[in-house]
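First chain A sits with chain B, and in the next complex the same chain sits with chain C.
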Partner chain A sequence: MKVKVLCRNPDDYVRETTRDIQRVPRNYDRTLHPFEVPREYTRALNATKMERLFAKPFVASLGGHRDGVSCLAKHAKSLSTVLSGACDGEVKVWNLSRRECLRTIPAHEGFVRAICSRFCGTSFFTVGDDKTVKQWRMEAPGYRVREEPLNTILGKAVYTGIDHHQSEGTFATCGQTVDIWDEQRTSPIRSFSWGVDSFSCVRYNPVETELLASCASDRSIVLYDMRESTPLKKVIMKLRSNTLCWNPMEAYNFTCSNEDYNLYTYDMRYLETPVTVHMDHVSAVLDVDYSPTGKEFVSASFDRTIRIFPKDKGHSREVYHTKRMQHVICVRWSADNKYVLSGSDEMNIRVWKANASEKLGVLTSREKAAVQYNQKLKAKFKNHPKVRRIAHHRHLPRDIFKQKRELRDMKEARRRKEQNVHKHSKPGSVPIVTEKEKHVVTVVE
Partner chain B sequence: MCFIYIYKKEGSDDERKHAKLLEAISSLGGRRRKKHVERSEASVQVSEFSVTAGGAEEKINLCDLLGTMEKTPGAPSKTKKQLRNLQNCKETLELPLSKQQTEKVGIQRTVAYEKSTKEVSRWESVIIQNQKAEQLVFPLKQEPAGPKRMEQVVAGWKAQTPLEQEIFSILHSNKQPVLDPVLTPMEKAAIKAMSLEEAKIRRAELQKARALQSYYEAKAKRGKRIKSKKYHRVQKKAKQKEFLKQFDEMMKTNPTAALEELKKMELSRMEERMSLKHQNSGKWAKSRAIMAKYDESARSAMQEQLQLNKELTQKLVVPSDDEEERRAEEEANALPDFVNEAEPVPDSANPWMRGKLTSEASGPDVSDVAAEPGVSDVAAEPSSGQEGEQHREEEEEEEQEEEEEKLLREFERKRKLRRNEEDDLAPQPREERGSEWSLPASVVLIPHHCRTLNTSLIHVQFDSYNRARHLNQFVQLYVAIKREPQRPEPLKKPIFPPQSFAEQAAIIKEAFAGDDVISDFLKDKRKQEEAGRPKVVDLTLPGWGEWGGVGLKPSRQKRRKFRLKAAAAPPRKDQKLPAVIISEKRNASIAAHQVSQLPFPFQNSAQFESCMRSPVGQTWNTQNTVKKLTAPRVVTKLGAIIQPMAKEDFLKQKKGPEAAKQGAIPLRGTRKKGKKKDSR
Partner chain C sequence: LLYIVFYGVSRLILRSYLKPPKRYWEVNAGEENGEAENTDVSPNQDNISKEQPDKIRDERRQKKKRSHGSFISGKKDPFPGEAPIPNEQLKKFQRGEKFQVVIAFRLGKVKETILRSEAASDLALKQAARYDLLLPEESGFLEGDDDEDTCTILQEDIADAVDITSGAKYFNLHLTQFGPYRLDYSRTGRHLLLGGKRGHVSCIEWQTKNLTCEINVMETIHDVKWLHSEAMFAVAQKQWLYIYDSKGIELHCIKKFNNVLRMQFLPYHFLLATASATGFLQYLDVSVGKEVSAIGTKLGRLDVMAQNPHNAIVHLGHPNGTVSLWSPNQREPLVKMLCHRGGVRSLTVDRSGTYMVTSGLDRKLKVYDIRAFKALHSYFLPAGASCLSLSQRGLLSAATGDVVQVYRDVWGGGSMSKPYMAHRVRGAVWGVDYCPFEDVLGIGHEAGFTSMIVPGAGEPNFDALDMNPYRSTKQRQEWEVKALLDKVQPELIGLDPGLLSKVDQATFEQKHKERVEALGYDPLATEKFKPRLKKRGRSSAGAVERRKKKVAHEDQKDTIRKTVEERMERENERKVKAQEQAEHGTRTALDRFKK
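Moving on to the complex of A and B:
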């Protein structure tokens, strides 16, 4: 006969060693812990407040250039190395962790238009206003040895942009034409032109590595395939695009920064309408760069701010500005997804955190758990008005704030007018044009 | 590589000086020869090193040439004529070649574009998968942990010493990997055959199958060990049922096998008929028969035996056209509900009820039987008796006995249910949630001391209410109850234990002595309704446009003109709920914290609310759950460079044999982690 007795398993309460934490049994019964929603709401609100409280994105400013910074480039293999070119033709190599300039190279006469690092990280290329493409060694020359380029290619026209292939020894430049070069040759292996116009930017697709895209001054974005003899397609927009950047995790998506204050994300398979129109800037957008995770991108604008957009949202999640920062010309997202670098007119390179309130450095497991819980709460309650208000609030400089308001009014007025025209005309004669369709003029095949 | 340096600063200086000099000289002459052509931007067509010809942009026309032609005497008159004719000719030719060429290029472009689009579209599945992923860990291609092979660490390493060379020669002869591939041909083949994910899936499947098997085995073992005869009997019956089902199937699919089965069954039937096994004639059965008078279980056991006999000796019927119905019947017969359930008490006394049970699934309860006309006991509750009488009258009127009966039963059941509810809720009647407030809940709101009224009357009231669904009636009834001289009787079914009930009742009576809660409530409700109704605004000004003064009223016309009637308010939510007041005022202090619009991904408010309701924190969830719930969408590693997606990693399976040739696992041993940034 079996006698039922009360028993406790010592495994449930005895520690294996005295260094273990005491096991505290917990009762998760909801009735014992009432008001779960209000309590979590309060926590979410506090977490949001704390996030804004700790949002100090500015990390460092790297000074040393003697003219506006015209271009930036990341090192392909080293996180702490950054290259920058200035309007006076100087190229500087920076060490980010020590925040100091390692090398200064008088590279070009006139502007340094663009820099790119080779995929292996042993050398980098610069193009400038003096119609040359120069290749430089990444290591500094020895003491008392003059800085000399590894290689110089003399062109016939000014080059405005350069980008290197992801894994092969070819690179692309743009100027009056888009040229594909072999590193071993002094003349381009392929040269694309479609109408006579000058190009401002050319970028390789980092995933489908044979594809390229460029921005031209006839307001068009042109797609190329390195293996073909002709360009693929071009889309002409209302205003000119300054730069573009491919999404490193999505082979067919790219984002271009436009003169009309907006950025446009395109799917290269459907160029008729952009996938998303990103608006928030109040002046021309000059540069754009994707985060290495492909979830967000950062844009630099003439309105003296940089903004971070989620790739599928129409509005920015973050805006960075300082009193001293002037027109931001170039911007890059660091390869570890932690920092954003911006180069601006007033000769400084600034380092920002990609997540303004993120704590840097190693976190303990409890800290990590708390951060994750708070993130989750913020996401859960993000639609509640009080939380939303705090989370969305950003201080803006007065002129930008006013300009933003003005733009909003203008847009509203335009929208109202369109509505009125639509309302008072014959049905069907005035079609409703969505925001996405408005900005594309035509697609040329 | 050649180094090209161009120092032409001095040279350009000289040129500029020369140009200046020329300019000065020409200006001395007083007449400028020609405007200089300025070039603002360098172009491909014009070389930088050669000077542009002046007037290069001016075109030479035919007429320019003609003028000189006329003057030259040497030219033949024939050509002059021809030229003149040409000049007069207005027709222009179309541009022939270029169009063809452009067309050709256009076709090339479209073809190339389509090709590249196709190529790019291969990524779609990967991208969508990543978008849907709960968590993405970057860098996407994680290096395996643990020590690495020598070959991976040292790139471009070669055997140099004779010993090394010897070792490598042996390795070569045994087809062992020497340098970069690291994997033996066998391993390579294995990897090629199955990717990691496939292998994982397969392993999971195998594990599941094994687990299921073990569960099944364990279950069988457990079943075998159970001693209960009843259990096994039930099992057996279930098996039989299953078998019957299978048999039906078999009839359709495999008639010969079915025939054999049929024969077997026939045989068993014959055996049964021959034997006295289930006839209640054995020793055990006799003993049971003696016990049956007193013992219920014995009775049921005997009954079962008889049933078994009946079943076994039943002749098998070959299913005919109305097979469906039969089968349904059979299913009902094969395993009656009382096998699993506790037998209802009155049935067990009467073995004849058994047959009924199967034919009439939802048999009447005891109380229902009692409530039926003719059978109804007067000794039952007076309320039911009254009801019965009432309904009997109705019956006579409508002359539809069966329907009436059904209805009656319904009413009776509902009433009973309600009474039970009341009894349950009596101790804390206000626990009901607001959302569940509906008509039956109105009972709940009627305060305690109402209980002291005649319960039967209340029931009548509610039934009639149910039937009529009319507020007036309800109130009238209520008034009727109030006016009744009859003093409150104690309840038939005490809610409280008998000794305390009297006390309780006394206390309640005392506490609510002067209260008339129901009428208060109704008044309150009416007041609220009044307040919610839009009011008429009177804007008449006495003396405006006519004589005014003491005793003079503005004319009716004027009053009518200046009395503004607002539009009727929308119907109140509690309009049809007599016992409820629903406040329609928006609480501003709470509204500030509430979400006003349904956020995007949610389809309806219920979804959103359920999402909000489930807590995330440690207080309510176990540690593992919290970990799962709060896992971030994107995880990045500190100081690791995140490379873009690589074609060879993600499009491996689709490429097939070509990719496999290149090496299924691309080794990227040279990829190093970036130098870690110092924390600031």
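Moving on to the complex of A and C:
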């Protein structure tokens, strides 16, 4: 007779001393793990609930401006430094990690319209309503030394926007024309205009560094090449665009914030139709900025909310608002992809988490693993109705909620009308226009 | 597994035959330049040509490995690449079919996502299959000598032959006063719960023979069951259902559950399913203490009950020979099968949820495939089986009178003429249950309890994250929290537990209905031809029918004409394309710059 009976030595399964961690022998046999799908589903549901439970996106409010914040800029090199300009002409330099103002500069008379940091981070430029462009040192002046600009350029008209080249000593301003400046000269080296009276925003392409795009008040977005004397092409839309931002990773795409409550992502090469129309705001969109990964962007709106959109989705994944935040004028996504900064009418700069339920600070490896596991589960079960309902639910202020419903009804009515017209007219005489095609008037080369 | 072992062994042997690596000072003067170069380069080229081009990641990993070792010495790896995994092992962990990606998939992003997730699951599959080799324990076995039947081997002999700890697992408890006994092992297999018909309840840590509690409830006991951990158990007494804690203190008396005869605990749902003498099947959620559902089965006294551990469906056996399958979500049985000509005496389901074994008053033992609800085998047992139980590794124990027989390979169609093991106890058997993760069968009978050694019954390797027999109190508490968080809702109980992960495909009718609702009209509807009313007898029924017949094929004519035209067009296009290709040859990447 040959016999073997299961007999385990407890020493193999129990920790040796109480200071050891417990032993966890595994066996991945499927029959030992029944109900894997329902259990995973339960976990996914719990993870989704936890996510909404821990969604506390508001980090800090930076107060100190004495008028509405009109513009924000990131430092080119330092993560913790942020520049902001206000409607009373003051520029403030903030330290984000200490949440305090480092410097206050009375930079302009009237609004500070735009700020940009030089690529090396040693100085920054401001433009204001007093028709000047000023360059400032990033370092604070010594004790009892007056704040003086490095350079001041007096222009003929008001400048509304400024952006610096990625690697050279040139910058672009916009106002009545789009001007390219050499840092060493006091007159523009090139001026572009295409029969329009004013521009609101100009941005350099982060990859093809000689390319520029600007938003004009005649409802157009104009593309330029710095090396040529004339603009490349422009697209005219139904309503005016306020600002635009290039996608830092796919730099042939840019997103513009429009007065018609929408944002439009365009492919620079095919301006005839936008790649995506991003809808959700219930008032004019004032500013937009991409995350450094190029996967998402944040938009600021006159409806007192900021929203975060995935770059290829038509609707936002997140909406931030507080009772006290008024019209949001400007918004920036921090370079470490973790925070969003918003500057609003009621003189505050607010710091938000880019991922609302993210835990701040250092995570242990087990925490990280748990977060990743939960993310995967949420992604796997995201289309199940229960999970979907919880994940998509956002509380909105009552007026915005009502407006949203109203807009939806209006849109539905318009769609129905169009359908009826199409149905009762001669076949082919009324073409079906898609949502993307609706908002573009024409493209001019 | 064997293959891998051989592979490893041969690898070792070969290594011992190969020379030790050459050191730099051992280079001969004559070979120095040319040959050294050659040896450096050639294996590299060899490997590249042998490489399978399908997986870039593998490629990279291999490259890294190569650059580590083999080149400097000039030695070749006799077993390049990863060790192969036998198909059987892979199959054990496979979930569903692989998705075949059509090459002409139009949506690039979808295709990419599918490919990536397939690669990830492939990797997981391989890792799980490889891990099998590292499992520390192997299952037990019992083999007789020549001309010796294993069923004739006595328990005493086995207990003598094996080591002391294992030998101590064969023991008898003489409890003649309050018998016959029902029993239940806790899910870890450490604790045993005994319930005597005349009111005796005791919890024993059976391996250390430590008595944790012993009470007499002074009432008839029909069944006992551990709840999710060894801290609580349920006792079905004469009238109500009681819950006690491990010290024997009465926690609850649940008067909603009366005259309970049999109980089953569904551990992942935290549900206690009870079957009563009045024909009610009730579910109690033990985590919140609420009755989930009460189903009046209208099938009489319910004293035969089993659960399917794969999908948490409760099986009930009835005196008319049927077995019915129940979930808490439906008032009617999910399935009703006629299994026996007489009443059903006992039934059990294996842990993979594939097979059900039933025994009836017609003295038959039947094996069913409960995925297809088909009988696989039918055996005749001379005395019939009163209690059935299946072990984790698929051994079937059947009690007939005072003899317990253990059968091997029941659904493989092995002959049932000789049992694998047999044991006679001192009284009629009242309950049998295998101890999880141990080679032990517990038998409750009229004269007490017998613990019988059945080599090869238990799963040798447990998963500590699921059930750990060696867990400490702290680990148990942590597990309890985790398990409660993962508690599956009773609504999810159904015949197929994997249904949630499958694509919910709407039928054409559903889609069409939604479309009609959205559009406000039916786009596919065609207007019926209504003949105009004519006078002077030309609208007689016959005339109307004749007129209808004239236009009967009109609508079809249109569609036929259209399809024919389309087909012709496609054909023409194809021809033109073929001609163009023939003229230009194949297009290259540079052709896009030609105008």
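Everything that follows uses one rule, which is that the second predicted complex is superposed on the first by the 419 of 445 C-alpha atoms of A that agree within 3 Å, B and C clash if a C-alpha of one lies under 4 Å from a C-alpha of the other, contacts with A are read in each partner's own complex, and residues count from 1 in each chain.
Just so it is clear, a contact is a pair of C-beta atoms (placed from the backbone, for glycine too) under 8 Å apart; a residue touches a chain by one contact, two chains touch by 3 or more.
The structure presented is a predicted model; accordingly, all values stated were derived computationally and were not measured.
Peer 1: Quick check on the superposed pair: does A:Leu6 touch chain B, chain C, both, or neither? Answer first, second, both or neither.
Peer 2: After superposition on chain A, A:Leu6 lies in contact with chain C alone.
Peer 1: Of the partners chain B and chain C, which touch A:His33 in the superposed model: first, second, both, neither?
Peer 2: Touch status of A:His33: both partners.
Peer 1: Figure out whether A:Arg43 sits in contact with chain B (first) or chain C (second), or with both, or with neither.
Peer 2: Both chain B and chain C are touched by A:Arg43.
Peer 1: Return first, second, both or neither, reflecting whether A:Val14 touches chain B, chain C, both chains, or no partner chain.
Peer 2: second
Peer 1: Contact-wise, after the overlay, does A:Pro25 reach chain B, chain C, both or neither (first, second, both, neither)?
Peer 2: second
Peer 1: Which partner, chain B or chain C, touches the larger number of chain A residues?
Peer 2: The partner that reaches more residues of chain A in the superposed model: B.
Peer 1: Per the contact definition in the header, classify A:Ser425: touching chain B only (first), chain C only (second), both, or neither.
Peer 2: It touches nothing on chain B or chain C.
Peer 1: Mind working out whether A:Thr442 is in touch with chain B, chain C, both or neither, as first, second, both or neither?
Peer 2: Touch status of A:Thr442: no partner.
Peer 1: Touching A:Lys131, do we find chain B (first), chain C (second), both, or neither?
Peer 2: first
Peer 1: Quick check on the superposed pair: does A:Ala251 touch chain B, chain C, both, or neither? Answer first, second, both or neither.
Peer 2: A:Ala251 contacts chain B only, not chain C.
Peer 1: Can you pull the chain A residues that chain B and chain C both touch?
Peer 2: Residues 28, 30, 33, 36-37, 39-41, 43, 384 of chain A touch both chain B and chain C.
Peer 1: Quick check: in the complex, which residue numbers of chain A touch chain C?
Peer 2: Contacts found on chain A: 1-8, 10, 12-14, 22-43, 46, 384.
Peer 1: Across the complex, what residues on chain C touch chain A?
Peer 2: Touching chain A from chain C are residues 92-93, 95, 128, 131-132, 135-145, 148, 153, 157-158, 161-163, 165-166, 169, 268, 309-312, 351-353, 437-439, 453, 455, 458-470, 472, 475, 485-489, 492, 497-501.
Peer 1: Give every residue of chain A touching chain B within the complex, in rising order.
Peer 2: The contact residues of chain A facing chain B are 28, 30, 33, 36-37, 39-41, 43, 59-60, 77-80, 96-97, 131, 148, 150-152, 154, 156-158, 166, 176-177, 186, 206-209, 211, 223, 225, 228-233, 248-252, 268-269, 292-293, 295, 335-338, 360-362, 369, 372-373, 375-377, 380, 383-386, 445.
Peer 1: Mind listing the chain B positions that touch chain A in their complex?
Peer 2: Interface residues on chain B, with respect to chain A: 1-4, 6, 41-44, 48, 105-106, 108-110, 112-113, 115-117, 119-121, 123, 127, 130, 136, 138, 592-596, 599, 611-613, 615-622, 626-627, 629-632, 634, 636-647, 672, 674-680.
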